[in-house]
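In the two complexes that follow, chain A is the common piece, with chain B as its partner first and chain C second.
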Partner chain A sequence: MSTLPAPASVYRAKEGLGLWEHRGKVAAVGIGHSPTFRRWDGTPENSVGGISLEALRRAMDDAGANPADIDGLVMDPSTTTGAFWPKGKPLPWEAINAYRRTDDPLDGITGLSAEWILANMPELTGIGFTTYGVGCMSNAICVAAQAIGDGRAHTCLVLKSWHNLEGRYYQGGANAGEAIPGSSAIRSLWGTPACFGTAVQFAEYCRKYGKSHDMMAPFIENSRRNGLKFPEGYWAQHRPEEITPEDYAAARWIAKPANLFDNDLPIMVSAAYLFTTAERARHLKQKPVYILNHATSRTRPRSLTPTLDEVEEDTARTARKIYEGAGITADDLSFENMYDGFALFHQFHIEGLGYRGLKFGEALDFYQTDIGISGPNPVSPSGGNIGCGRSRFWMHTDCIQQIQQRAGARQVTGVKPEIAVSGGPMPVGGNYMVWSATPD
Partner chain B sequence: MILISFDIDGTLEEGDPPGVLTIDFVREAKEDGFLVGSCSDRPISAQRAMWERHGIEVDFAVSKHMLGDVKARFRADVYYHIGDREDLDKRPAERAGFEFLWPHEALERPWLGRRARGVFEGTRAG
Partner chain C sequence: MPFARKRAVAVDRIIVVAFNAPFRLEDSGEGMKQGVDPDDLTRPFWEAANEHRLVIQNCAACDRLQHPPARSCHQCRFGDSLEWKEVSGRGRIYNYGVVHDCPIRLLQEDQPFNVAVIMLDDDPGIQMYSHLSGTPVDAVPVGADVEVVFEATANGQKVPEWRVVAQER
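Up next is the complex of A and B:
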């Protein structure tokens, strides 16, 4: 039987749910990352299937877990950064046939099923539970945490992978068809660059609060600086380039006021985490990082692009859900790792959270202060997508590593890493996780 | 005077992806007295660092949309931009009043990169 997406009821999307019933009873222990690549080179080992196997095995090894003891797999079957296998292009049979196949020959190349993973990881002999957290790692970790809490699995691998092919992205797939359904006809086909909606919100933000695009420069500089200290990241591995305020000011507009460096770079990468019960985590190799809550926004905007008012209402609502379920307040956050791909919406996330007492309209002034990893107010210590490339999971890996005190050169030193929050992607519509050094 | 602007990614060997033009090709253009620089989506500081690493003193390093500024800054008889993208190199270059060359076309110009290509007076290196 095919693996199915997790039902909507798994996500904690409403206010007023109270403390999460499994607060502190689920923990992250292992992390596994594949190497990064700008695009697939055509080799089997660097296919999205190949790098996923590598990430999963590294996560088990990192945790010191016996593969036979793993009984759950939660993942996102979608792997595209916006690149699709071109219609009419011969299939890459050498890479396809290097692994055990499923019915879909592009499984493991431009998509990834749980069945493909299990067929190619014979060491996973105990899997009894598989499901999809569709969208990104933020979905998958929420689903996995809830599954372990509910007892559907006791030790679960959580996986998110991305493929990127040659050529321009967002030009293939449905966008290349003769017809396109729904509002995508306006948003994707004849519409605007992906960052357009965020650019509109940011322009309104600047108008409303009297701010300017150049006030983002310290955030961008900080993100890339942190990303270059993330050895798993694309920029650290391939192009160790900083972004100075001068570089940022000179970058071309993609959708003004969003410039090139406000956008992230599509890459190939895979990451896996090992989640287990708090009890089992104590017997594994790494320090457990306890999950205090997961929360979700499923808000539908009134029109195609959420207005600034809608963004602010929803980020505030999301924060209330995050804090209520975790039993914490903004004052308990050691640091934040909210999503940043596009950079111009990071401030919406952290203003909604009230991080360090921020109110709406104050984050860009906050960026002009010390937001580095050695200061008292770390902002995006992972470097996020801006610092490491498009994955939407650096923020989660960083939270786990920071709390485990193994973030290396990126380790926060101005605060004690005890409680952190990460998640995204969009300020209206995302999934969030609260991590803690202790279960209560 | 000839001014040559080089795109990096997909054009130069150091690019991501690598292109067909070598760094020595650029070095030789500079040594031959051309005005030489880069026009790329890479951060300007990273472009400068790349040229410094190769010991090439370029005349300019700018972002992709700044060819017009380059033309205003430097007086030359002809302006060339060499790049690998229709949308991000060819069209903006032509709009800015530059002649445009694809990387393989640059290799075919007899007045460019002769030594780097191993072309000497009447002989061809093996």
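Up next is the complex of A and C:
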């Protein structure tokens, strides 16, 4: 039987649920990352299937776990950055046939099933539970944490992978056509790029609070600086380029007020984590990072794009869910790793959280203070998508590494890394996790 | 040629193109929106646009407008009470962005261009996008009153667009 998406009930999407029933009883232990690539080079080992196998094996090695002891696999079957296999283009049979394939020849190339993984990892002999957390690593980790807490598995691999192919994405298909279906036309006829909604929210934010786009420069500079200290990241591996405020000011607009550096770079990469029970985690190689809560926003905007009011209402609601289930307050956060792809919405996330007492409209002023990893108020120490390329998981890896005290050159030094929060993607609609050095 | 002027030409054309007149693509000129193929869900919206009327999906049970249209009401979850309601065609500019890197080939030569978010007077929770014909690039009067106009797309299907009628209230 094929693997199914986790039911919606697995996610903690409501307020008033109280403390998470499995608070502190599930832990992240191992981390495995593949190398990063801008686009697939056509080789089997660098296909999305190939890099996923690499990430999964590294996560088990990192944790010192025996593959036969793994009994769960939670992953996202969608791997696209926006790129799909072009219609009519011959299939890449050399890469396909380098692995054991499933019924879909593009499984492992432009998508990834749990069945493909299991067919190609014969060492995983004990898997009794597979499910999909569809969307992002943020979905998969929430699903995996709940599954382990509920006893559906005791040791899970959690996987998210991305493929990227040749060409500029979003430029073909319907976007190149003379006519589009009426349902998509209602939103798409005006030619708005993906960052448009965030750009409008940011424009309204600046109007309402008297802020300006140049006030984002310290955040961008900090994100790339942190990202260059993330050896697993794309920019550190391929293009070790800092972004200065001058670079930021000179960057071309995509949808003003969102410029090139406010957008992230699509890449190929895979990451896997090893999650297990707090009890079992004690016997593995790395220090356990305990999960205090997971939380979800499933809020639907009223119309085409969320207004600033809708954003602020929802980030505040999300924060209440995050804190309630974890039994903490904003004061307990050692640092934050909320999502940043687009950079222009990071402030919505951290204002909603009330990180360091921030209220709505205050984050851009906060960015003008010391937000670096050696100060008392670290902002996005992972560097996020802006610092490492688009994966939507650097934030989670960084929380685990920071709390394990093995973030290397990126290790926060101005605070003791005890409790952190990460998640996204959108300020309206996302999945979040609270990580802790101790189970209580 | 600046985008705003070309857009004004496109809007003017709807006045001279008779309804139901055969539409030839070579008439479309530059900067036209992609054509629209109405589908089951949205056909009443597009048919009304061709008659220069703006209709929005409404749940009669909840007395609540919703846009984009959906198969069921997002509030009561039922689809039985959904109807199409004609609205005033007046609204207000919430805010805007200026598109410099557009994914749609037909619009790329017009870059950069405004895209404003319009909130309907009938219910400010309901939004529509607009290229704001006649408004210079990056000089959009946030908060200004707008009214609906109907513009022909590349296949002759008309689409609700908006123009500024008065500065901020």
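In this text, the second predicted complex is superposed on the first by the 419 of 440 C-alpha atoms of A that agree within 3 Å, B and C clash if a C-alpha of one lies under 4 Å from a C-alpha of the other, contacts with A are read in each partner's own complex, and residues count from 1 in each chain.
Just so we're on the same page, contacts are C-beta pairs under 8 Å (C-beta built on N, C-alpha and C of every residue); 3 or more make two chains touch, one makes a residue touch a chain.
Please read all numbers here as calculations on a predicted model, not as lab measurements.
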item	value
Chain B versus chain C as contact partner of A:317, first or second or both or neither	neither
Between chain B and chain C, more extensive residue contact with chain A	C
Touched partner set for A:280, first chain B, second chain C, both or neither	neither
Which of chain B and chain C A:38 touches, first, second, both or neither	first
Chain B versus chain C as contact partner of A:225, first or second or both or neither	neither
Partner chain in contact with A:302 - chain B first, chain C second, else both or neither	second
Partner chain in contact with A:252 - chain B first, chain C second, else both or neither	both
Touching partner for A:200 - first (chain B), second (chain C), both, neither	second
Shared chain A contacts, counted only where both chain B and chain C touch the same residue	252-253
Of chain C, residues touching chain A in the complex	25, 33-39, 41-43, 45-46, 66-69, 74, 94-108, 112-113, 115, 117, 125-131, 138, 142, 153-155, 157, 159
Chain B-touching residues of chain A, taken from the complex the two chains share	38-39, 166, 238-239, 241-244, 246-247, 250-253, 260-261
Contact footprint of chain C on chain A as seen in their complex	170-171, 175-183, 185-193, 196, 199-200, 203-204, 207, 252-258, 300, 302-305, 307
Residue numbers on chain B that touch chain A, as the complex places them	16-17, 41-46, 49, 62-66
